[in-house]
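For reference, the structure discussed in these notes is given below.
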Amino acid sequence: MNDILQVIDLTKRFGGLTAVSNVTFSVRELEILSVIGPNGAGKSTLFKLIASFLRTSGGEVRFRGERISNLAPHITARKGIVRTFQETNIFKGMTVRENVIIAHHLRSKASLFGFFIGSPVAVRDEREFGRSADRILEFLGLGEIANEIASNLPQGHLRALGIAIGLSTEPAVLLLDEPFAGMNHDETMRAVEMVRSVRDRGVTLLLVEHDMSAVMKISDRIVVLNFGEKIAEGTPAEIQKNESVIEAYLGSEDESIGL
Amino acid sequence: MTRTTKIVGTAVFLAVVLVGIPAFITVSERWDLYYTLTSVALLSIASGGVWLTFYIGRINIGQGAYALMGGYVSAILVVKYGVSFWLTLPLAGLFCAAASVVIGLPILRLRGVYFAMVTLVLTEVARLLMLALPITNGAKGITNIPLPGSVKIFGLTLIPDFATLSNVRPAFYYLSVILMIVSFAALYRLVNSRLGKLCRSLQQNEELASSIGVNISYLRIIAYVISSFLGGIGGAIFGAISQSVYPSSFTIVDSINFMLNCFLGGLGYVFGPILGTFVLYFGWDLLFETGRFQLLIFSTVLIGLILALPNGLLSLRFKRASWGSSGRE
Amino acid sequence: MEQVIANGLYLGAQYALIALGLTLIFALMNILNFAHGQLYVIGGFVTYTIYGRLELPFVVALFAAAVTLAVIGAFIERFLFRTVIKRSIREESTMLLAAGLAFFLDAVILLIFGEKQRGVPKLVNGIFNWDFRLIMPYDRILIGFLAILSIVTFVLYMQYSKTGRAMRALAQDRVAAQLMGVNVERYSMIGFALGAMLAGVVGGLLVTITGVNSGIGGPISIKAFMMVMIGGAGVISGAIAGGFILGMMESVGLTVLHSYGDITYLVIFASLMVFLCIRPQGLMGKPWG
């Protein structure tokens, strides 16, 4: 298995505060890797750096060997690294179907002008996008609400839509930002299955998540951050036994590690 | 709106504008109406440009600058270099487009009132620049601009020399109205195409749009360029009609008016600017009879309209083309 | 040199007062008050009527102007802006209303007060002359002093009074203020009234020096916007800074570039644009976005 994504010595400083400090790890192709850590550990910042929404203060990110850090976000997306968002992860005013169709933008072969004048390539693209959108919606269980306005959806469906949007771009690596947040047990289990099937479609997945049971169930490997530094890396079994990880979580006030 | 309704509506509109109005004017001999309606058409073109900048989420109070630039470019080319007016028209637009790239690159990053203020200053800068530059003749402006000449292809006269026409006004009317129709047809197409959807995505969730590969700065510049182009050609034709261009031809008040035209018609509707311009300009003209009370009545009615229909006139009739916010309809 | 500075300070104090009113309204309700200049003009005319025509003491006239504008401001907020904000989808509708209001006030001013330039007798006669290095009429000094006094009073009021604190909380975070029990609607109205009052007071002060006429509303609004942009929208210190900076720039520009006239303003505006591109939040504004 190749390393599809490499994070090398990545550092980010905000003024006097170091949010991410010399973090290094690799993501193997088609694996599901979760990044966990107590609140404020730097997970979100790490994600933003990988997806080029923030400029690095040091280190770099490589995708298939090519440096992608510090490019414009839309260029990183074009290369195949797509990020979903924690909140505000959808286009509120459009219908579910429109949301997914527009996310196909990356894959369009026609130019903007072509779309304006309705060139044959553009027309073909539009048709294909419609079909692909319907397939994705089916796959994620959103088929029935395709024509609902996105802002009206309940939480669970919102998350699914966020993932649908990410999927539409046909990413190589999908960064999921807390995909299981706010879900009860049943919803989480269903979502876990959904995320697994996304991987089975050929997408490498990188997750940030707090829900430990979900993380342990779904991840091939886990990276643990605390105070911006990587303190552990390994399989779920290894992480659960790791002393420094346990200490980090006991030291902070939030959730137990779910042993 | 069903497809048939749309087609019928368009046909009716075209018939009224291209045939009905000229017929009415000829019969009633209200020749002044030509000037009024021509102005409405031209101002709505410029307002359409402003509407497009609203579409990418920016408050544009700087269109006056481009109208002024367009007017001057056309005037200078015609008067000093003897270029045919018809050629200067696209040239004026292109000049404004080019200028807007240079200006737009730094300012389009700004948002909300900050962008609005910078564009407000832009209008004033344009005016002062026209006063100061030697080529623009300062405060004296450019006067005695000849009427548009003829357009001949292979000896066939496509467009007659305006100076030879007994009545120039219908000619300008048709020119302006046809350009208005073409411009708004283009805007309509743009808004309903993928480009329009991308702009909406930009409006609704900028970060998400970036993350799915939308090049936000590029999209904004394109919209701004089109907007400025429209401002430029509007200004150029205005110069041809009044046969003069001064630094005060387009001021901050005009920039604000373009914006008001969009607001009044309704920011959610492509054709809003046309209705808004018509109501505001025509309304102002109609009230001329009231003498001293003109501004008072005008502004009172305007405020009343705003209070009653804060989302624009067209919100009475049409469902908003998915603008996207809290879903308040 | 001293002359330039003195002129700049004098102008700056007046401008700062205008900018403060505008920035207060913006801070509280995110409204760009296009009609602010007209409020200034009304203040000037009211003062002119009471002090100049009815020949009552200046203090009475100024007070009357302040009260008139406070009432007008409160009315505008309560019945016009509040309605529009409730009913509209887009935030920019308030700009539309403000613009319409500017037209309306211009019309009313023209009808009630006419289009002639009006002035009032000087408050104090005589000219301060320091060795010909600094020449300033006494009434300007007095007005400048009154303006600075007003600024200080305003800042202290905002800082220490209950109303002031409530308004600052509102400006910072509307929702949080509401949760803390601040009556958002009441303080919005008070804030607008206060902002309008400040504009009116400057109008009243300056009518004794430069007079007033119905046409200057618009240009004053524009200048007010510029100051607020320079200093930073929605921030009190920013408005004061912006006011003084503009005052200084005008003073310097008109003296140094005297022969070039309009170039002064061209330079000022162009630099402002560049400045705003680099630092859109002005000198002291909160980083936006």
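As written, the chain order gives the labels A, B and C, with residue 1 at the start of each chain.
What we mean here is this: contacts are C-beta pairs under 8 Å (C-beta built on N, C-alpha and C of every residue); 3 or more make two chains touch, one makes a residue touch a chain.
All of these numbers come straight from a predicted model, not from anything done at the bench.
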Identifier of the chain whose CA centre is least distant from the whole-structure CA centre: B
Which of A-B and B-C has more C-beta pairs touching across its chains: B-C
Longest centre-to-centre distance from chain C, chain (CA-based): A
Chain A and chain C, separation of their C-alpha mean positions in angstrom: 50
Chain centre separation in whole Å, for chain B relative to chain A (CA means): 43
Centroid distance [mean C-alpha coordinates] between chain C and chain B, Å: 32
Touching two or more other chains - residues of chain B: 323, 325-326
In the complex, chain B residues that touch chain C: 54, 59, 106-107, 109-114, 116-118, 120-122, 124-125, 128-129, 131-132, 252-253, 256, 259-260, 263-264, 267, 292-296, 298-300, 302-303, 306-307, 310-311, 320, 323, 325-326, 328
Sites on chain A touched by chain B in the complex: 51, 53, 72-74, 77-78, 82-85, 88-95, 98, 101-103, 105-106, 108, 112, 115-116, 118, 122, 126, 149, 151-152, 165, 168-169
Residues of chain B touching chain A in the complex: 189-190, 193-195, 197-198, 200-201, 204-205, 207-208, 210-216, 222, 322-327
Residue numbers on chain C that touch chain B, as the complex places them: 26, 30, 32, 34, 80, 83-84, 87-90, 92-93, 95-97, 99-101, 103-104, 106-108, 110-111, 218, 222, 225-226, 229, 233, 262-263, 265-266, 269-270, 272-273, 276-277, 280-281, 288-289
